[in-house]
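Dropping the structure in here first, questions after.
A, B, C and D are the chain letters, set down in written order, and residue numbers restart from 1 in every chain.
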Amino acid sequence: MIIVMKVGSPEAEINRICEECQEKDLTPEKIVGRHKVVIGLVGDTASMDPLQLQEISPWIESVMRVEQPFKRASRAFRHGQPSEVVVNTPNGAVTFGENHPVVVVAGPCSVENEDMIVKTAKAVQASGAKFLRGGAYKPRTSPYSFQGHGESALGLLAAAREASGLGIITEVMDTADVEKVAEVADVLQVGARNMQNFPLLKKVGSQDKPVLLKRGMSGTIEEWLMAAEYILAAGNPNVILCERGIRTFDRRYTRNTLDLSVVPVLRSLTHLPIMIDPSHGTGKSEYVPAMAKGALAVGTDSLMIEVHPNPSKAWSDGAQSLNPAEFDELMGDLSLIGQPLGRWETTPVAVG
Amino acid sequence: MIIVMKVGSPEAEINRICEECQEKDLTPEKIVGRHKVVIGLVGDTASMDPLQLQEISPWIESVMRVEQPFKRASRAFRHGQPSEVVVNTPNGAVTFGENHPVVVVAGPCSVENEDMIVKTAKAVQASGAKFLRGGAYKPRTSPYSFQGHGESALGLLAAAREASGLGIITEVMDTADVEKVAEVADVLQVGARNMQNFPLLKKVGSQDKPVLLKRGMSGTIEEWLMAAEYILAAGNPNVILCERGIRTFDRRYTRNTLDLSVVPVLRSLTHLPIMIDPSHGTGKSEYVPAMAKGALAVGTDSLMIEVHPNPSKAWSDGAQSLNPAEFDELMGDLSLIGQPLGRWETTPVAVG
Amino acid sequence: MIIVMKVGSPEAEINRICEECQEKDLTPEKIVGRHKVVIGLVGDTASMDPLQLQEISPWIESVMRVEQPFKRASRAFRHGQPSEVVVNTPNGAVTFGENHPVVVVAGPCSVENEDMIVKTAKAVQASGAKFLRGGAYKPRTSPYSFQGHGESALGLLAAAREASGLGIITEVMDTADVEKVAEVADVLQVGARNMQNFPLLKKVGSQDKPVLLKRGMSGTIEEWLMAAEYILAAGNPNVILCERGIRTFDRRYTRNTLDLSVVPVLRSLTHLPIMIDPSHGTGKSEYVPAMAKGALAVGTDSLMIEVHPNPSKAWSDGAQSLNPAEFDELMGDLSLIGQPLGRWETTPVAVG
Amino acid sequence: MIIVMKVGSPEAEINRICEECQEKDLTPEKIVGRHKVVIGLVGDTASMDPLQLQEISPWIESVMRVEQPFKRASRAFRHGQPSEVVVNTPNGAVTFGENHPVVVVAGPCSVENEDMIVKTAKAVQASGAKFLRGGAYKPRTSPYSFQGHGESALGLLAAAREASGLGIITEVMDTADVEKVAEVADVLQVGARNMQNFPLLKKVGSQDKPVLLKRGMSGTIEEWLMAAEYILAAGNPNVILCERGIRTFDRRYTRNTLDLSVVPVLRSLTHLPIMIDPSHGTGKSEYVPAMAKGALAVGTDSLMIEVHPNPSKAWSDGAQSLNPAEFDELMGDLSLIGQPLGRWETTPVAVG
């Protein structure tokens, strides 16, 4: 932590600040510049709040953090090694990680009925997906929109799991539902709107299933990693980070702005595996294939793609869903890019 | 709802779309423009999703909403009349509303101990505040920061209520805590990070205490009113909307960008009372007085100001807290502006 | 400037960096922390680029600036004293500054014809405005929109000046037009889109007329002050900073988000006078009065309000223009707030 | 254009509006909905301003545009066919366009001296670049930073052109410099800060050299296409659109947020070729290769990469520059993705 003093700060005040820092078990080191004095603080400062330190004196101009505030999520925590999130599915163990083939998650926005979810699961499995996504509990902007079938949809997801062999990823929104959802899901999803729902993060952190943590619409990378830190600190080491588009000034042609640069940035900051969701990221199915290909080339470890057997009849998010044929074609295109990059499963899968 | 067709759309397709809309109980009306055809849909479209409608045909260029998606929150719902949220406090009933004096809520970020919260309550009451704010459950970016004293702090708030006669406003973050918090609080606060925590909105909507709904950091005005709609639709008519700063590209000198223009905008859209929080809105105590005065002149119905007996020792948010003397001086300054505007309580209050 | 080294940086590299800094006439001071080493650089670093310094070594994690990059624009440059921009108008000298009454600038978006501009000038003068605004050269999003009458409109502004006694503020967009515009204008306006048009800033900095510098739509406060620094460094000390709304994620109900918090922030950073433009800031005339009142209470030194004799017939920006009667009413309302704050001219003006 | 009337609008007012529209040569068609009346306007509305129309009556709630405001830039203008921008370079004609190999532009931020620019030109040519970038006139945030060598640097670019056979792309910032720059440059660059410098757009539109138009930091896609429309409308059909990162709320790890989704969006809206600049887009050389690969996979027609012989000694933007060896390696990696996509030149180039 670095304290920058205002021009003309009295020496007595600077000394007083140094003393106050010593009381907090920090060792202050003064640098007297041409115009300003700065004080470097040596010690355990990672969990200190710079804004708080600033309150020590009105002569403090600013306090700058040198240490990153996240620890368990940091790349350094694993000495530079990427972590692997291994998930057991009926079809076998699937690994999310930097040194593994890209894992594709596909399925509808919401679980509508048994027929559609089983049909979708089989179709996306045939095209090479390893996980089925599908919402039982749906966060909807309007209280008058379809809110998901809730608990009864969990049973339908279990049926689709059995029919297809795919792992299940589904969202949990309320601490009260975590146990129930964890009984069926292979991976629990925390949605963008709940990235900083701290009670929920603590709760999913204290159970065993891996957690998919979506980035909030205006979540900074640092806040996102701190949200992951909540889960890690609660004891769950299996966190996957999913970018799904951020909110910017231009929302006319895309619903969000998919920030693919998080891939190299996260790679340098954290050991956690990365997923990209181009469906929410753009909000329009016609833009999904291009952005999925871009995500693969940028280096993502996983992709989440919305697929619906009949997008125009979907109960939610139809506009951003591919149909199974479009998804199959996309998987073929992805393999063209993924193979030379060494990130595509080479075992033959049934691609149309 | 208006459907805009792409240039060159085949007439058969336009007719098919019209038929499909009729099946949804809507009456389509075609307008044939120079280049494009648009279809106006007459009927109950308020709860329909434009993105969904767009999926009917690839020839649809865009779908534009004409009706506002919020109903109970709309100004029209009360035929243009503002609503009043009346809260009983030990010192008497206090009314939040457009035709009432501005209500000032003050207190620390978090409840630290009985002495500080009682002391602060008495001080802000003496300066003219009607409500005490203070966090028992605190949303913190880091899992390693002080998370609030939780349940035990609720008892301290009750003590401060008794000692000062002020009403209590405190945040609830988890559906599991709503009942517990509602036993002590006079107004339940839903924080910015939970603006779209829909299970929480439903839960606070189904209990009796008024709800203070903070705007999310990147919540649009429409999303904010839809969040209020969740509470109203669940049966609770007493909602106060609180602006506390939005996230923009410039975060160097202020923590957020306080959007005072919400006041006239909300006035034209909704009947609900409005509160402004310049403490979170700026994040720096030295900017709070100017922005509080601005909020009053813009026409807010209420102000929330962080006050701490000793900001430099605060456990959280000290940087944005006034001390009691600064708060008292601010209240005096506010009365100078509030009185000529007819929005300041004229009964003499003890202003230092 | 502070250099933060990555964890595990070799000592030899740290020493090499220190030597390289010494070659740049900086004195490095090392602070060895628990995990990281930071190097404080003492010397003339204000004009150095942190990103550039970072290139010295791949072991550098980040470089943080301690000095502000602006000098002449900084409050410290005038030892904490505000500057005053005095403009001679036919009706007498008018002073923009923190210790003076708020100066009101009013007029139409664009100069349409002699009759309308003279009529508007007289009307706004009668209500208390000191300056007439009016565009001869108009920046328009579309090449097919009215681009302003250009040079011929300058003559009409001169006529309005003579008829009303008001000073003239008008925009210049091209270095080639600066001299021509400066012959007529009392204050040259650099528009939001040109905040970082550096050739234009240099040009208006090298002539004598005061300059009104609007904040760019996504200009940070630091970039804005650096733009002012261009003008000051070129020799022109008379710069007024005008906030006119920034671009954020929510543009549904207002054209821009008027950032009133710039007033206290700029006050702490710079000596330059401040103007607020609620007309562009909101884009809707019905929101202008509330935001003008707010700006006054926040502490602005000046207001710019669009007024058109018949907004519904305006050639540009009619939606955000008041008519003369609305403007007159607003001036009356502003005096109610401005007088107790000591920022309103007490000499009787003809308020209807 | 669609006019939406407020609930309860008097019929006489609706009729009056219809009449006023007829005076503007528009044919109004009324749709009477359950709660609201909307009026569709048939006729030449593309260049009309919705905000202006709204001023016709206070009973108008909103006005929505149905036609896109850009014409010459629209995909429909060329009946769905992409345009090709062909540039003659000493090494032969190079074509920018959707059905051509990706064109790579490389070189330093600024031209520092003859030796470095010639050396860089030869190096990037050897690795497969077709154009050399290099700034003679530099837009710099600070007036105290190196502003480019100006006119004398143009001669050095000419020398590099001759030595390497590459085409030259360089920025012009002032209308007064357009002719001078156009004598040397093969493509004139309009920088992000000048995207809405309308006099400059008109000037580059009225000369013969192709124009590279960078997206402004907060330029919407619609504004960007309208800026292109200025150039096209002035008579110059050769415009390339370059995305270089937009400004968002998170600027801690990257300088800007590179918006790769513009590629599929622009593809659907315009016939103009697209370039991506990952160097400015991220601001950090370590993130450039990943984002360049992503841009290629997303479907860009061209890439602009900053290359400097010795980034740590660069006079500007060193932090985001690759050195020649890194660039050469990147070109090899790009070919792996570009070849299966059919977007990479198959003629053998000297890739190290």
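Definition applied: contacts are C-beta pairs under 8 Å (C-beta built on N, C-alpha and C of every residue); 3 or more make two chains touch, one makes a residue touch a chain.
Composition by chain, UniProt nomenclature: A, B, C, D = 3-deoxy-7-phosphoheptulonate synthase.
The structure presented is a predicted model; accordingly, all values stated were derived computationally and were not measured.
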- prompt: Is the contact between chain A and chain B built from the same residue numbers on each copy (over half shared) or from different ones (under half shared)?
  reply: same
Message: Between A-D and B-D, which chain pair shares more contacting C-beta pairs?
response: A-D
- line: When centres are defined as mean Cα positions, the distance from chain A to chain B in whole Å is 27
Centre-of-Cα separation between chain D and chain A, whole angstrom: 31
Message: Can you work out the whole-Å distance between the CA centroids of chain B and chain D?
response: 39
- prompt: Going by the touch rule set out above, which residues of chain D reach two or more other chains?
  reply: 218, 247-249
Residues of chain B defined as touching chain D within the complex: 2, 4, 7, 29, 31-36, 38, 40, 42-44, 64, 66-67, 76, 218, 247-249, 251
- prompt: Contact residues on chain D for chain A in the complex?
  reply: 218, 220-222, 246, 248-250, 252-254, 257-261, 263-265, 268-269, 281-282, 286-287, 290-291, 293-299, 336-337, 340-341
- line: In the complex, chain C touches chain D at residues 46-47, 49, 51-52, 54-57, 69, 139-145, 147, 173-176, 193-194, 196-200, 202, 217-218, 223, 226, 229-230, 233-234, 247, 255, 283, 311-314, 316-320
